[in-house]
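Next, two complexes with subunit A in common: one pairs it with subunit B, the other with subunit C.
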Partner chain A sequence: MSFWEYLGDRRELLVFETWQHASMVFQTVLAALVIGVAAGIAVHRSERLATLATGAAGVAFTVPSLALLGLLITPLGLGVAPSVTALTLYSLLPIVRNTVVGLTGVDRTLVEAARGIGMTRAAVLLRIELPLAWPVILTGVRVATQLAMGVGAIAAYVSGPGLGEQIFSGLARLGGANALNMTLAGTLGIVLLALLFDGCFVVVGRLTTPRGIRD
Partner chain B sequence: MSAPAAPRPAPAAPGAGPPGEPAGAPRAPVGRSWRAFAAPAGVLVAGAAWMLYVENSGLDAIERRSLAPHYVWEKTWEHVQLTAVSTLAVLAVALPLGILLSRAWARPGTPIVLAVADIGQSAPTIGVVVLLAVAFGIGFWTTVVALVAYGVLPALRNTMVGLQQVDPALTDAGRGIGMSPAAVLARVELPLASPVILAGIRTTLVLMVGTASIASFVSSGGLGDLITTGVTTQRTPVLLTGCVLIALLALLVDWLGGTAARLLAPKGL
Partner chain C sequence: MTDTAPETPPGPAPAPPPDSARSSGAADGEDRRGIRLIEVTKRYPGQRAPAVDRVSLTIPGGEIVVLLGPSGSGKTTLMRLINRLIEPTSGTIVVAGRDALGLDPTELRRHIGYVIQNAGLFPHMTVAANIGLVPRMLKWDRRRTAARVDELLELVDLDPGAFRGRYPRELSGGQQQRVGVARALAADPPALLMDEPFGAVDPITREHLQDSLLRLQEELRKTIVFVTHDIDEALKLGDRIAILGEGSRIAQYGTPQEILLDPADAYVERFAGGGRATRPLRFCRVGDVPLRAVPEAAPGDDAAAVRERIGAAGTGFAVVLDEARRPLRWLFSEDLAGVSGPVGERGSPSAEPLRTRDTLQQALERLIQIDRECVPVVGARGAYQGTVTLATLQKALREMRERARTRRPDTARTVDTARTVDTAAGTEET
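Presenting the complex of A and B:
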């Protein structure tokens, strides 16, 4: 069976798995964005806490995805729960890091000027600091999405949802019929999804970056 | 008011810079003070402590077989081999290619190469490993090829970016005092680009340790074997040992990369 025949034959399954993969990545990155930005805001004012947070994110980053997924089987079992947890944890790392870096990179004189004209702390955060840090945070979200795409493929090993299923089915049938088709479908599907998401980020970045700091 | 003085690592590349280096940390102690070796010693002690704990925690027959010290040691050694061989291969490919692509005549092609590299990077590792296994059969070298295909991109990117950010005034000055292009490359550009290049190598090393755990899916050994054995036989201690040892190895290698980056970076930067 040629690759195109395979795609036609399994169209429904492939569309479903692609949708699952996209939806899993989208939801986990969204959750990581909320948690990560909140954590970044919480720690960025104290230099010690900020260093600790970026350091911890760096250390956690060295833990391989397979090891993390394996570790999560013990408390969470197989399936969606460990996959979503692992993806969220991985996505958190670049987002927290970039939130802290973005917020500490905001020019202090701007913050003081805003305080000087009578803005409250919350207003300064919402109207000065976060908009200025947004491009850096968005870069972090973009990296997180790419990461989640790849880790999502390995999540199929712990029976997670998505296109990784195709890759592992191909692996199980190594040397047999359709092994190449399955692996290729899974891999190319994820590459296409990653490019699609990346394209969305360019658009989102254009639309959400404040006019004054657009390049 | 204290200005945030320390230049932060580039936010676009997680893990590309020294993670959380305290601002203004002294750089001198490496190699002179015991403190530089506290982190790796801690990692080794943690590994030994874990093995002692797990070996004495009432294992059943299957667990004892998978966790026999010589077997665990063999798997660790396989993992180190995979990591080392693929990192060396990555360097052999990425450094010359990066230098070539950063020459003036090749600069128009740079965005294209980086775009292709980005697309390649978005391919899931497990997919690439399995595709290669389907194409070339399983084994050590298939895995190395997959690891290299995956690891070349960040190293290549950092080499190119590092060389490109060198101030053109400095290379011009080098040419102006009569240095040949090769001498400018060797004595001006590469030393100035070395922090970024070394950061890329460090990222590659850590990436390789993590990715090598996938080798077990295509029967190339390594500590991933402990994880897959643990999952298929439902033996948590085996699974946990694999995870803990890979994570510790990654930390150790990260420390190694960081120390190498500090020792090899030219003074005065």
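Presenting the complex of A and C:
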């Protein structure tokens, strides 16, 4: 069976798995965005806390993804739960780090000016600091998404959803019928998804970055 | 000298000359817009010497008071205490008749304009959004805010149509600073704090911005606290100048004339610097010195009558004014020899007139540049006020020197309550 025949034959399954993969990445990155930005906001005013937070996220990052998934089986079992947890953890690092970097990079005189004209702390954060840090945060989210795409494939190891299943099944029966086709379909699907998501980020970036600070 | 009661009004106020921004008015209405610091101290934990040590200062309503000092003298700290960006350790601060420490800080700041170096405009907001921030926080509706934004842009000489929708990075440094001033004025606050606002622009733009500020102030009469380390800027803008030393100690608080001609101590003298003979030229305004009176004529006047007036005045020439009293030409008696009927277009065009708010230095420069010995002076709406010649300047300088001499040491100090009232607390106890 040629690759194209394979694609035609398994179309429904492949579309379903692609959709699952995209949905999983989207949701985990969204969760990481909320948690990461909140954490970044909470720690960025204190240098020590900021170092601690990025450090902790960095440590989580050094754990190999396969090992992390394996470790998560004990508390969370197989399937969606460990996959989503692992992906969220991985996505956190670039988001937390970029939130801290973005927020501390905001010109202090602007914050002073904002307070000087009578903005409350919350208003300074929401209307001045976050919008100015947004391009940096968005870059972090973009990196996190690419990361989640790749790690998402390995989630199949704990019976997670997504295209990883194609790759793992293919690799398990190398030399057998359709083994190459399966691996290829899974890999290409992820690459295409990654490109698609990245394109979306370019659009989102343009739409959400005010003209005054766009490059 | 011993009278430190902050209630004492700062000296008898001379009637301000019309068309002049430099009065020391302390009328009831203006006092209610003033700012008073009473025994204010700021101590930072872990530092032995307080950053601000029991400073008392009265800033009369409607005046520009310049805080002048070297870096590290705490002038910015002193200013930030007023809008509570820095909380004082002890003392009282009264802004526009209300106890600033009893108010909500954000609410207080919305009623005190704040301008900083580099303007501090928010780069992700348009010019209109920047200016409209405070009105929007004060719950003005959209239409009222938009109207106010346009009004303010006009006020700072920027075309609303062209600038409203621009982003800060699309403006020059000078334009940004103008927008910064407009933003500070947005909700029409009684007081304005300006922290080295013109420190980062080139000298020509700076001069321009200073002139604009003085022109604005003629119209708005805000209570302005202006921080700078530039003595020339202080002399030019300040109705009063407070020279700060270490720990925000007020070494002298007085008018530019007093600072230059009667420095309180060696520190002030060093700060006022050299060139003291010509310095008065730089802050004294044409409107403040007696101008030379010259016979006036209209184009429709009879030549013989004008000739007679020139003869009677002994000036040798007259000035021709249009219906709006704008100066047009000089008319010399030679121009009129043997002429009968209206003077019409005779005479030679006068130079670009000086304005009453121009400095004597500008007058001197004009006199040197042009090929005449006299320049007309105009006030509001270009109306003729008088004429400046080299002799006018000489006489003004001579009189200033004489005044300073009679005022020198102790005899003058007791009379000069305006200055001592507020400096006493600062100088004696530190």
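Throughout what follows, the second predicted complex is superposed on the first by the 215 of 215 C-alpha atoms of A that agree within 3 Å, B and C clash if a C-alpha of one lies under 4 Å from a C-alpha of the other, contacts with A are read in each partner's own complex, and residues count from 1 in each chain.
Everything that follows uses one rule, which is that a residue touches a chain if its C-beta (ideal position, glycine included) is under 8 Å from a C-beta of that chain, and two chains touch if they have at least 3 such contacts.
A quick note: this is a predicted structure, and the numbers were derived from the prediction, not measured.
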Side-by-side fit of subunit B and subunit C on subunit A, or clash: fit
When both partners are placed on the shared chain, which of subunit B and subunit C touches more of subunit A: B
Spatial angle subunit C-subunit A-subunit B, Cα centroids [nearest 10 degrees]: 100
Partner chain(s) touched by A:T51 [first = subunit B, second = subunit C, both, neither]: first
Touching partner for A:I128 - first (subunit B), second (subunit C), both, neither: second
First (subunit B), second (subunit C), both or neither touched by A:V29: neither
Contacts of A:A113 with subunit B and subunit C, given as first, second, both or neither: second
Which of subunit B and subunit C A:I190 touches, first, second, both or neither: first
First (subunit B), second (subunit C), both or neither touched by A:V141: neither
Minimum Cα separation, subunit C to subunit B, after superposition on A (Å): 12
Residues of subunit A at both interfaces, subunit B in one complex, subunit C in the other: none
Of all residues in subunit A, those that touch subunit C in their complex: 109-110, 112-120, 123, 128, 131-132, 210-213
Complex interface listing, subunit B residues touching subunit A: 1-4, 8-9, 11-15, 18-20, 22-23, 118-119, 121-128, 130-131, 133-135, 138, 206, 209-211, 213-214, 217-218, 224, 227, 230-231, 236, 239-240, 242-244, 246-247, 250-251, 253-254
Subunit A-touching residues of subunit C, taken from the complex the two chains share: 83, 85, 106-111, 113-114, 116-118, 120, 122-126, 133-134, 137, 167-169, 183-184, 193
Subunit B contact footprint on subunit A (complex, rising order): 47, 51-59, 61-68, 70-71, 73-74, 93-94, 97-98, 101-102, 104-105, 108, 136, 139-140, 143, 146, 149-150, 152-154, 157-158, 164, 167-168, 170-171, 174-175, 179-180, 183-184, 186-187, 190-191, 194-195, 198
